[in-house]
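What follows is a pair of complexes built around chain A, which joins chain B in one and chain C in the other.
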Partner chain A sequence: MSSESAPSTNGASSTTTPPTTSLATTSDAAVVAEQTSTTDLDALAKGKQKDKQKQKRPEPQTSTTAENIAEGGAGAKLTGAQLKKQKQLEKQQRRAEKITLKGEQVVAEQSQSIPQAPQGRPDGPRRQSQSAGSSKQKDQLQVQLPHLSRKGSNQPPEPGTVRVPFQPAGTTQTQAPRGIDKRVPFVSHLYPPSRHTASLSNAPREIHPSVLTLALHLRSLTLCGSTSRTLALLLVLKRVINAYTTPPNTALSRHLTTYLSHQISFLSSARPLSIAQGNAIRWLKKLISQLDPDLEESEAKKFLCSAIDSFIREKVTLAGEVISTQASSRIEQTGETILVYGKSSLVERTLLHAAKDDGKKFRVVVVDSRPLFEGKNLTRGLLRAGMREGGELDGCKVVYTLISGLTEVLEQENITKCILGASGMLGNGALYSRCGTAMVAMMAREAKVPVIVVAETLKFTSKMAVDSLSLNEVGDADALVEIEESNVFTTPVTVSKENEAGKKGGGGKKKGGEDKDDGEGDEQNSNSLLKDWREKPNLFLLNLMYDVTPAEYLDLIICELGTLPPGAVPVVNGVHGGDE
Partner chain B sequence: MASDLPPPPGLASFRALLPSGPVEKSIEYLISLLRRRQIRGPKECALATAWLLRKVVSTTRASEPGKLITRVQEVGKKLVDAAPRELTVGNIVRRVLGAIREEEENRDNGSTPDTTPGGSIPPTPAGELPAPPIPASAMYSSRDASHSPARHNTGRPVLLSQQTGQPPLRPQVTSMFSIISHPTMRHSSGVSSPIRSGSSTPMATSQVLQPTTDFRAEILEAITEIVDELDQADELVAGYALEHIAPSETVFTYSTSTVVQRFLLKAASKRKFTVIQAESYPNSHKRTHATTMGVKTTDDEDELDSDAFQKPLIAAGITVLLIPDSAIFALMSRANKVIIAANSVLSNGSVVAAAGSKALVKAARFHRVPVIVLAETYKLSPLYPYDPFEYVDYGDVQKVVEWQDREMITGLSAVRNPVSELVEVEDVDLFVTNLGGVSKGFMYRVVRDQYRDEDLEL
Partner chain C sequence: MTSSSPAGLATPPPERLSAAINPQIDVVSHYKNLIATDPSITPAIAAIESLVAALTAQPLTTITETLTLLSTTSTTLLASRNNPIPLSAGTELLQRYIITSFQNNTNTTSADFSSLRRQLIQNSKLFISRTKSARSKIAQHALPFIRDDATTVITYGSSRVIDAILSLAAESRRYFHVIFVNPSSGQEPSDSPFSQSTNRLLSLGIPVATVPLAALSHTIASIRPSNARTTSSNLILLLGAEAVLENGAAISNIGSRLVSAIAHDASIPVYFAVESYKFTRQFPLNYGDSDLQKMGAKQSVLKFRTSLEEDEKSEMSFGVRAEKASAEGDGTVDITPPELINALITENGTITADAVAEELIKLWF
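What follows is the complex of A and B.
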């Protein structure tokens, strides 16, 4: 069941999880999720590189965060036994004796889970290192962290270092003078309350290691996408519940909710919770508070875990199944051209369902945008599934463009449908989704193309918004800075440089040769055009994560309860309890 | 340092070659530069064309303007074919042809002074220029207007112009229609002359006085004026900035161009406002970033833009918010105005602009934000967008998906990277040209006024 849901966290993963016991499945699924998400990061950050290369890459190479992490883990592991001892000591000192018990339980559980991990990727050591040394070994980690962050900051052309997840929160500020407030005034309410977001160094003691792991993944956007974030959250919470012991003289139904709240607020300091995550948490808390106080603790935990499992199955796995079947039935057998934007796991599932299970032949036009380039992920997923010449699904073609080419593809590619994913369906029928979706929906409507939204009811909310700035999330503005990735490769660049030099045209002015040199130099450091934007007064960079598509641009919303017009979103909320 | 090396092919190298080489070689060189897009951009193409045509005119041995026209047409056709999407090439060719035709008329007039009465150009004191060789077009024309009913008795009622409070400068003004051809009006409005309307300097009347002198000198002078206009046009457009930007407004702009940059800078000299700058990835984001930061990139084609790019808006005290293209819709709600530059304006007022502009303009429409398009007169093209995608230009695919990305490059059935697209006139609220603001409903007329009917088809 969990293994069923694992692929749905990320379409790219075709890892088969061996059937295991309930406890192990949890960790397995989480591991799978993490692995695929690591791959996601790689694909995201190094759009250019082939995954195979990456997987074969030797571990000590420090180019990606995953490896950085692994290294950090290895460093921590050197003194593993000692650390454990120390940790236990501290625990005994500072917390009640039962916590120690829990900690051991966790460590045991994780060391158990590692050998079961499908592939021996560096996740194992990382996870262990975190569980062993996360918050307890602050001094040790602080020794390591500057080393990691130095690596990050010294290699600007490395795409992997655009966002170093394990960079301590302060690093960005130490690089740039904090004299100027770089928060855009009219969206200042969207910035996180303090710049000290979740990190290894500021994690409170009671934070469960797997929560910490998840937080760092969320923060670095290695785990991205509403569905996978929710899924990961639920799996992590399940583990937290398993490791939880009720303190004496308290009832589980009372104490567990507050205990979980701590964990969740740590997660939300890493990245604001998505609408679906919020809904899932609300459901879980309600469930806990309604537990029979007389229930045995172990019974209660078992009940909660199975409830989470069935929630995942109902709300994510099966819902995805139903929606993709439904949505795929809206695609004609032949002759359709479908416009999609960015990446949504549901949209990908729908397309693959239509192509594979229903054998439909269509074209997909993927529109993408900076800075996340999630569309590249989707494209790769589709291509790997065989939507290319000579592939399994040869009848299907994929076209890729950026959002600036939107108008052109809408007219030239004869788009017949537009399918969009959602991060949330707002109560007023508006769609809350990745930034840029509104433009795509608008232009599709402009071109008289029907716009279909696929969204699980888990994403429905009674929140409302009429513009994109009241309800939103501000991403890391520095993600907009580094865009030049081609420099990673040495050989092909020289070729393109020569081309460029030829093309440079009149750039020469009166100093021909010099200019040519300039040109090459520029090619290499052109990624630093915006590098010191923080030092420039009056200049702001804004990286909004979401936008709100007005209901008038949407034609159809497909959820697992059926197909609705946007106006019917509140009905689903009503039927479904929504979020009170 | 390495000054003995020839400049790389482009506008600069063309300019360097132009005075020395034979004219045929220059023509061939420019054609190849245009074909290879080593000269691109509206202003660059316009300048190169004007320079070349100046040379063509000065070297052609033609005893009469008619031969010169054929020659210019012939060269012009080649140039237009070499860069069919750089509409300014055709525009400049038409302007030059117009100048020659005017000279031809003056010449004809000089040789046969008593053919027809009625002056086509009012400042001519003699008022003896012939009627235009073609029937006057549907649009208003000063030539027609000054064929006043008083002289021709065509049955048009005579208006009592003497009592209309006209300054008594020119008692011949006899109807409302001829007000336009009044010298004072003419000077300020500058729209009535089909040829010289865009030029900042009004044509010296002395030229017309000696029509029989060497006509080529006159034409060359006219071409020089066109070149001057090319250089000054964006500054003139910027001169209207204060009329359109109010203090503490938020102006939304897309991509980057010299004219918008100058426009905003001009407004910034007096007013404080905020600019939201969308970067137009992937074709001009680097230039946008460079402009925003005040850095010079080698992506800048030549020296033309350098002065405008030296000073960034942020240095002028303007708050600039740089956003990715995806956030256009989200942030449009905060904008008061959208100001974009046109690559060209077509005869119905439709605008060819950077790819993504249409989505921007539609988003502005949704939020009821007025859209202002800046277009110098040399960008006004008499072509009509029968097929909107005739004017879409495509760029380097590598900017979207790198060649190194083998999986995507081999797997994808197409990668699209349009550079320009057509924005329909309905979505534009106002044009600002170097003649001032032009409403969208009137734009077609201003476009037509730039050229003579004979030259619409090259």
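What follows is the complex of A and C.
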């Protein structure tokens, strides 16, 4: 059986690799420590913990950080002090949680007789990572934080241990090739080159600590959403530029671009750059290369930083203002029901502008989908702004549904408009946005509901795509497996109560076999079907992040230049200097 | 002086300033006069000319004053019309043109403002004369569509551009048929612009048929037995428009949408012949009365009644009234969505509906 062969090959590879990798780990860690100030280390530590945290509760985490960053961007500055403060807060929380968790895990470990127990190091983080890891979680941890868990996997597998079914998962996709190629063949070109996933340990020496922090945020999807990613990128690049000194015998305009290229390629190894990020980088590089070589370094840096600030103001903040005003004017004073999908900062801004500034009364139907559940984030934002009973915007109502209920919602809720956000506007007028958008747009068009797209011109690109496969991003396939949040509606209340003790004891009951045995329940069995998908040779999981909505399903696009039909997207590129 | 700085351009004109500047001439009557005296003038051009006349009559000394005068006069002019959309295309274009020419001359001091103003007015007049010549250019561009192999041109409503196209085609010895679709089923009075163009074509030796709108589908079916496009019967639908919206939708006299839909259904290509100064930066989501009202047009086609008497005055000759009103640029209109339009024939060449946005963006940015 292939599941038998897989462990053996992996075992072989892991026995050969340990010395080098562990060396690399320690030296890299040293490098990082050397580079970073104490405060940045805090940030890094926070990054690690956030990753771990994400395994447990991905959704709420996503919301807070993304929001904060977005807010920081909108409010001009995400200052170091703010960042630090926020991180420290989160860190404290996490520590408290961990302490409680740890207590429980000790019990769990004993009952499960995990072979890692004897390997436990006395030092803090490693011990935590191992004890927190039942093997499923551990797998994830290693994918994301190889330096933390590598010690565990470096150990040659001890014969006769219970780890057998998850042994291959112990070696991560970032390190060794798996026994079974789990890449879905027709999107194989979209997978990142496995060796180059960004992590603390493989960060090259010249990577600026704030870039490293951002990379970890991007990779863990704690920082999500095209606009906030672009904002964060620009703010981080500003810091990098501020910290930069031109080496002797080189010109700033020549050297800085290559220096930034290294930082950026590290970022893109954490997560492929979005279209808006690409446009912003292109703009910045062009600006740098056009700098007067005789310009004083401090002057040049000051110029670049102020240019970035005004770029943010012009292309994001003010553009958002113009777009939300324009889009809001498309909403009637009363009687509208607006369909939105997932979460887009611009859509949220539009809705709030219409409700708050223009005093319009309407209903919002938020359609959401797995695995990111970004719509919850939007719903929360709307409720927080007062779209609830007794709230500031009481006249507006919010309906939350999953994409599987879309047909019914379109029929029953009497939808009058559909407003969509964008990750990119492609040259052929197609919309590149979160996976599921195309479905929503098509359904809306089917119901003769006008589809409006709100997008800054920063997101316009001359790239074209007629399908969602040539241009896309493959997300973490394990995100499809995890449905263990306590707030998933499908979980029957009785079952979850029965299993509560078991769940807590197992630290998330990821230990495959054992857990299946003692904690039953239908939903767990169906989980476990996907849970060891890596072992099943003919089972593939595909988590595509984006899709392409053809131009014929869109009615109009609102950007800061005005209202356009989808066919006019290439014109905006032409007028705007394009992204060539 | 602050008003000549670029910042002065961006700030909205203060209230008291706009109150102080009252146009020396009555733009509305000037406009009406222009429309009445020159049968070939279009509403957009007449609006531009009225504004330029207002500019010329007023001794202005600053840019802010000029812009304020322009915006107030165009607002009064637009408010006076039932259907201001064609006019607004012209007034917006002129305002945009003047703003850009000011922006190009921001370093001008107030001392030589008068020369700048003179130059501006001169340019505006040049602009008008250039736009006036658009019609003959469109006729040139439309010529290839009227092939010599027994093309049948279906047209609807009265449009001076269509007249120009058909006349040119006839003069260049093309042999083609024309079907005039008559909005009313009754006989036209002989002095209507509709029968004038019929007469002109007849005098040029072009076979002309007039069919009532109600018979259009039947007529098409008679010309072409199946929906298959054959080379032997080359049918095209050629229409004029009062304005073109940003998504390529054409505002034209009421019934155009119906005719276009019928033609589209029979796979007959639909071409709108339109001057590019009629493009306007408006973008409705739907194509009904309420959407027209949002763009400033005061029209409501749908009127329910509860007694017979009310019927008498409104119903009598809807078509004739629409015909007359549209000649003044103030008739009932409808919007033909871009999906039904194959191409727009403009003086800059033949473009698709999508390219209208392109032209507009080029003009504005």
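Just so we're on the same page, the second predicted complex is superposed on the first by the 358 of 580 C-alpha atoms of A that agree within 3 Å, B and C clash if a C-alpha of one lies under 4 Å from a C-alpha of the other, contacts with A are read in each partner's own complex, and residues count from 1 in each chain.
Here, a contact is a pair of C-beta atoms (placed from the backbone, for glycine too) under 8 Å apart; a residue touches a chain by one contact, two chains touch by 3 or more.
What you see is a predicted model; the values in this text were computed from it and never measured.
After overlaying the two complexes on the shared chain, residue contacts for A:Asp555 are found with chain C alone; chain B is out of touch. After overlaying the two complexes on the shared chain, residue contacts for A:Met443 are found with chain B alone; chain C is out of touch. Contacts of A:Thr563 after superposition: chain C is touched, whereas chain B is not reached. By the touch criterion defined above, A:Ser289 reaches neither chain B nor chain C.
Of the two partner chains placed by superposition, A:Ser265 touches none, neither chain B nor chain C.
In the superposition on chain A, A:Arg330 makes contact with chain C only, while chain B stays out of contact range.
Comparing chain B with chain C, the partner in contact with more residues of chain A is B. In the superposition on chain A, contact of A:Phe540 is made with chain B only, not with chain C.
In the superposed model, A:Val571 makes contact with chain C only, not with chain B. On the side of chain B, the complex with chain A involves touching residues 1-3, 5-14, 37-39, 44, 279-283, 285-286, 289-290, 292-293, 295, 297-303, 313-314, 317-331, 333-334, 354-356, 358-359, 362-363, 366, 388-389, 392, 398, 400-408, 410-418, 421.
The part of chain A that touches chain B in the complex is made up of residues 47-48, 50, 184, 186, 363, 369-371, 376, 379-380, 383-384, 387-389, 391, 397-409, 411-412, 434-436, 438-439, 442-443, 446, 467-469, 472, 480, 483, 485-486, 489, 492, 496, 501-516, 518-519, 522, 526, 529-530, 533, 536-544, 546-548, 550.
Within the complex formed with chain C, the residues of chain A that make contact are 330, 417, 450, 452, 555-556, 561-565, 567-568, 571-572, 575. Within the complex, the chain C residues that touch chain A are 246-248, 281, 283, 285-286, 338, 352-355, 357-358, 361-362, 364-365.
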